[in-house]
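Just below sit the structures, each encoded as C-alpha cells.
There are two complexes below, and they share chain A, which is joined by chain B in the first and by chain C in the second.
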Partner chain A sequence: MGGLAEGRRVSSTVSTQPPVSVAGSAAGAAPRRRTRPGGPRRNLAAAAFLLPAAALVAVVLLVPFGATVYRSLLTDDLQPVFGGLSAYAKLLDDPALSLSLLNTLLWMAGTLLLPVGFGLAVAVMTNAQKWGRIARLAVVLPYAISGSAVAVIWGYMLRSDGAVNQMLANLGLESWAHDWLLEDPLNTFGMIMANTWQATGVAVILFLVGLQTIPPETVEAAAIDGADGWVRFRHIVLPQLRPVTYVVVGISLANALRTFDVIWVMTQGGPARTSETLALSMYRESFLLQRPGVGSAIAVVLTLIVLASSWLYLRGQGKAAR
Partner chain B sequence: MVIGSMKRLLVGGVAVTLAVGLAACGGGGDSGGGAQSVSEVTLYSDNPQWKDGFEKVSVDLKKLTGGTGITPLSIPSTSSYEQVIRSSITTPKTADIVKWWQGYRLQDLARTGSLTDLTEVWDEAEKKGWVNPGLKDQFTYKGKVYGLPLSQSNWVVYYNKKLFAQLGLTPPKTWDEFLAACEKLKGAGAAPLWTGQTDGWTSFIPFEEFLSKSDPQFYQDVTSGKASYTDEKAKKALAVWKEMIDKGYTSKTDIKFLDTPAQLKAGKLAMIPLGTWFNGTLSGAGLKPGEDYGAFLWPSINPSAPKSVIVESGVFAIPSAAPHKDAAIKVMKSWMDPAVQATWTEFLGDTSANPTVISKDPVLAEIAAEVKAMNPTLLTRYWEASPPALVEGNVQDLGKFMLKPEEADSVLADMQKRAETEWAAWRKAGG
Partner chain C sequence: MKGAVMKKGKQPRSVGRVARDVTVIGMALLWLVPTWLLVVNALTSVETYTGSPRWVPDGFGFFDNLVAAWDAGDFGQATANSLGYAFVCAAAAVLVAAGAAFAVAVMPVRRPALWFWLIYTGTLLPLQVFVRPLFSASAELDLYDSWTGLAIVYTAICVPFAFFVIRNYLATVPREITEAALLDGASWWRVFYSVHLPLAKPAMAAAFIFQFVWVWNELLFGISLTFSPTARPIMAALADLSSGYSRVPPPVVLAAALAVSVPTVALFFAFQRLFVSSMRTNI
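So, the complex of A and B:
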C-alpha cells in the first residue's frame, strides 16, 4: 500500500510542475508542442520497428494470397486466360466439392465439441486428484506424436481387419463391426476421433493453467455457502475459465480448418472423395487434377471461411471481455 | 564496445547467410560446360526401395560414362511424388533425371516444354538393338522421344503357391477355372483376389483387366476416347466385377498394395493382380519366387476374344531445367546398355526393356515364356492410356463402385461425362 501511495505522490508532483512553467512562459499551446515534437519521430521509430514484421507478413502472406486470388480468376488451360468466376462456378457444380465443404464443417463442429469438451472434463476431474497426474499424462502424451504417426496408428486400428473390428469380434459384437474408413460419413467421424485423441492433450494443459489461476478463496467461499460440486463448477469455476476457453476454441478451430495430414494418410480423402475436406480438395485439384484455377478458388473460399470464423469468434471474445 | 562487437557479429552473420543463400540459389546454374566435372547426377523416384538398385547401377554407369553416376532420391508416395515433380520441374531445383510414366502422362509433361528431347539417345539405343522399337510410341510426343524405359512390366496375377497346392489348384487357364479357384480359396478362408482402393490408384486394376479380357479392342477404344463408358461392353465388365464382389471373391478394399505381400505370406490372401515390377517387392518381403509364390497371365473372360496382356513401363526423363543436363544425357545414353540393364533388372526383379537382357528369376522366366507362346496384343495400362485428369477422376469413381457395386450404371455415366470434358480439355490444349 505504501508503495502505491508513494507512486501516486510522485506522479502528482510530476504532473503539477509543467503548468507552473507554462504559466510563466505565457504560451498556452506550449505544453502540447513540447510533448508533440517527440510524436512524429517516435511514430517513425515505431514504423521502423514494425516495418520488418509488416513486410514479412506482406511478402509471405498477402502477396501469395493476391496471386492466389488472381490465379482463381484464370482458366485451367495450358495457356490460361481470364475466366472470371468460372472456377468458383465449378466449385458449386461439383458434388465432390460440396461434400468436401460439408466435411469441413463437420470437422469444425467435431473439433470444437470433442477436444474442447474432453479437455475441460479431464482437466477439471483430474485437477484435485492425487492420481490426476498419471491420468493427465496418459491424455497429454499423444500430443507429442506427429499427425502422420497418429494417422498410421489409427489407420491400422480402423481398417476392416484392424484392431477395432478384431476387438469387437472377440467380445462377440461382430454386428457392431464396420468398414470404418470405407463408409461415409463414418470415415470422417473416425478421423475426427483420431484427431481428438491427439488434440485433447493441449486443451487439457491450457485448461489446467486456467484452473490454477482461479483463486481458491472463491471456490471455498461457495463451498461454505453450501454450493455442491456441480453448482460450484457451473457458477464459480466455469465463468472464470472463460478467457482460457477462448484460447482453446481458437486453437481447435484453426486446427480443424487446416487438417490435412490425418486425412491424407488415413484415406487420401477417399473412397470416391467422400472424406475430403477443403484443404485436401485444394491439393487434389491443384496438383493431381492439374486445375490450379479451381484449386486457387478453393483456397480463396477456405481463407474466407477462416477469416469469417475468426472474426465471429474474436467479436464474441471482445463482447465477453467487455 | 560490447554493442559494437555484437553489431559487427550481426552484420557478419547476415552477410554469411546471404552469401550461403545466393550460393544455394545459384547451385543449379552449372549445366553445359560443367558436365565433365559432374560425378553424380540426381535421380528422383517414388520408390524408396529402389535406392540400393540405383547405387549398384551407378557403379556400372560410372565405368561406361567415364565417371558419372547417379544419386537416387525418393518421395515414397505416388501422389506426393507427382505433386513435387510437377511443381518443381520448371525450376533449377528439379532433379537431373526424373522417374515418370509413359503414354499420356509423359505427353502431359512434354507438352508443357519441361522435358528434354531424347530422340537421338533413343535412336542410338534402337540401332544397337538395346530397346524394343515397338515401345517408341509410348515415349513420343509430336514426333520427339522424351524418355527411356525403366523396365518392361507385364501385368500378371501373383498367387500363393503353397495355398494353391494345398487345395489341389493349378494356375487357371480359362475364366471358369479362375472362378472355380476363387470359390475353393474362399472356402479355405482366404480372400481369393486382392482388390484395393486406399492407395488412390489401384481401383483401375480389376476394371482394366475385366474390360480388356472381355474385348481388348473395346478397351483400346474406350481409353483413347473413341468409345463410350456407357457402352454395353463396359457395363458387362462391371457386371463381372460385381458378381465377384457379391460372391465374396474380392478382398476388403482398404488393404494397401504394399501390405499385400504380408497378407499373401500369412495365407490370408491368395492372388494379387499387379505388374511384374512388383516381383522384387514380393521377394524383398521374404517370399521365395517359384516356391512361395508364382504368377500367371489373366485368362480371357470371352474365349473368342484375342489374347491380350496389359504392359507398363516406367520412364526416365530429363527436365529441361535439369541442373546437370549434359551429364544426365550422358547417363541416359548408357542406361539401356546390357551391362546396366542386367544389374538393374536383376535388382528390380522385373523384365528389361532391352530384349537382349534375359531374366534369371523363375517367375519372370515363366511369364516371359507364356507371353512368347501366347503372342498377345500388348495394351497400355489404364493409368497411362488416357489424359491424367480423366484417369485421376475415374479411379475415384471406380473406388465408389467397389463399395457400391449396385451403382454401376451411374458410375459409368459419371465416367463418360468426365471423359467428354477431359478429352475436350486435352484436345483444346493441343494434345
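So, the complex of A and C:
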C-alpha cells in the first residue's frame, strides 16, 4: 500500500534481514515436526499463541472480505435481491465507471513507465558516484511523506494559479498553461506525476539493493574486454537485475492501484468523476452514492487486479513460506 | 557505496560520464522543487502572501500559520488521536503478531503454511475491500466514530505484516536453542518470553516503526469510520483543511502538511539503515 505514506503496503513485501541465512531455516522446519508430534497439550499451547492474531485477522479482515464478495452479488434495490453479476456489468455500462477503469489502466501504465523507470535510472547512475548518496536522498525523501501531504503539495503546484502555471508564465509559455486539475485527462496525468514523485524512492532503494548483489567481477571482466558503459549496463547489469525488477514492478503496481489519499485530497476524483480510479470509485459508490452492491463489485475487481500484480513478487514469498 | 557496479570509465572525462552527472543533478534538483516550494510557502506569513507561490523565503510566519491551521482544523485533538492510534495499534499488533509468529515458526503446530497464509493474506488485499462491511459492523456495534473502533481496525490491519517480519526472523533461530530450553523443563510460554521474545527484538522494532508510520499516514479508514474531532485521525484533519482551500490561505494548509510530515520524515532518517536493510530478504 506507496511511499511511507503507503508505508505498510511497501513494507508488506519486505522483511528484516535475519542474522542467520533463511535457507537453513526453511529446511529445518519439516524434520522438527516429525520428531516432535503435537500432543493435545502442545496443541492447546499453540492455539493460545496463534488465536489472538488469527482471530483478529479473521474477524476484522477476512470476514469483511467475504461480506464484500457476497454483497457484490446483490442488487442495490431497497430490498437487495440476488443479482448475479449485474453489479459488475455496471463497470462497463456506467460511463463514470468505465472512465474510472480507464484511469486505473493509465495509472498502471504510468507506474510501469515512471517510478520503475526513474528508479532504475537513478539507482544505476548514482550507485558508483561519491556524491550519489546526496542526489539519491533528494529522490528518496518524498517516500517518507504521507500521501495526503503529497497531495497538498502537488495540488498547490497544479492549481490554476499554482506554481506550474506561474513558472510557465515566467518562461513566456502562457499558452502551455492549463487548468491541470480540472481538465480530463490532464488531472489524471498530474496525479500520476505526484505519485511518481513519491513512489520513485522505493524503486531506487530496491534497485540499489539488487545492484549490490551483482558480483563486481562480472562487470570488471566486461570492462577489461573493452565493453563501454552502456554495453556493460545493457548486457551485464540489466539481465542480472531481472529478479529485482519483478519485485519492483509488482510492488509499484500494487501500490499505485491502491492509491486513495493522493487522489482524494487532490481532486476527490473530480471534476465530474473524471479523475477517479477504482480505488476511489469504490468509496464514492459505497458511501456517497449509497450503491454498496456496485461499490463491492468494484472492490472485488480491484482485489483481483492487485492480487495479479502482487503475484509478481509473491512467487518469491511463496517459496519462503514453504 | 560498496560494490560499485558501474565502474568509472577508463578515460577520466568521457562524454557519457558528463551526461550522466548532469542527468543525476538535474533529476535531484527537479525532485527537490516540490519540497522547496512546500517549505518556502509554509514559512511565508499570510499577510505577505500575494496569492501566487513564492520561490524565495520572506519573513518567518510558520508558527502563526501553524496556529491558524490548528484552530481551523482541530489539529491538537487530531494529533493526540493519531499519536494514540499509532503507538497503541502498532504496539498491540506487534505483540499479537509475535505470538503467532512464535507458534508458526518455532512450535510444532500442524499445517504451519495454512496458518501463515491465513494471517498473511490480510496484507495482500486492498483496504477498499474491507471498508464497507467494517463501516456497517461498527455502526451496529456502536463503535462507529469512536477511537476504540478505529483502533481495533488499525490493529488488525497491522497484524499480517508484523507477523510476516517476525516470523521470518524467528525462523532463523537455531532449533537447538528451543530444544535445550524444553529439555530444561521450560514451558512454551517460558521459551517464548525468555528466549524468542528477546531474540526477536530487532524484527519487532522494525515492524513497530513500519506500522507506526502506516497508521500515522492512513486516510481511507480515518474518513470512513469517523467524523467527529474526538476520533478523527490527523490525515483526515489535513484532508478536511485542504478541501477548504478557499477559506484557509495556502500557507496555512502547507504549514499543516509540513508539520504532519515531520514525524515520519524524522523516523525515516533515524532508521534509514533499517528501512533499506529490511528490503533485502525478498530479492
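One rule holds in what follows: the second predicted complex is superposed on the first by the 243 of 322 C-alpha atoms of A that agree within 3 Å, B and C clash if a C-alpha of one lies under 4 Å from a C-alpha of the other, contacts with A are read in each partner's own complex, and residues count from 1 in each chain.
Just so we're on the same page, a contact is a pair of C-beta atoms (placed from the backbone, for glycine too) under 8 Å apart; a residue touches a chain by one contact, two chains touch by 3 or more.
All of these numbers come straight from a predicted model, not from anything done at the bench.
Contacts of A:62 after superposition on the shared chain: chain C is touched, whereas chain B is not.
Judged by the touch definition given at the top, the superposed model places A:161 against both chain B and chain C. Between chain B and chain C, the partner in contact with more residues of chain A is C. Within the superposed three-chain model, A:287 lies in touch with chain B and with chain C [touch as defined at top]. Of the two partner chains placed by the overlay, chain B and chain C both lie in contact with A:268.
In the superposition on chain A, no contact is made by A:238 with either chain B or chain C.
In the superposed pair of complexes, A:102 makes contact with neither chain B nor chain C. Of the two partner chains, neither chain B nor chain C is touched by A:85. Judged by the touch definition given at the top, the superposed model places A:182 against chain B, while chain C stays out of reach.
By the touch criterion defined above, A:149 reaches chain C but does not reach chain B. When both complexes are aligned on chain A by C-alpha atoms, chain A residues 161, 268, 283, 287 touch chain B in the first and chain C in the second. On the side of chain A, the complex with chain B involves touching residues 76-78, 96, 159-161, 179, 181-183, 267-268, 270-274, 283, 287-291. For chain B in complex with chain A, the touching residues are 79, 82-83, 86-87, 108, 111-112, 197-200, 252-255, 268, 388-389, 392-393, 396-397, 399-400, 402-403, 425, 428-430.
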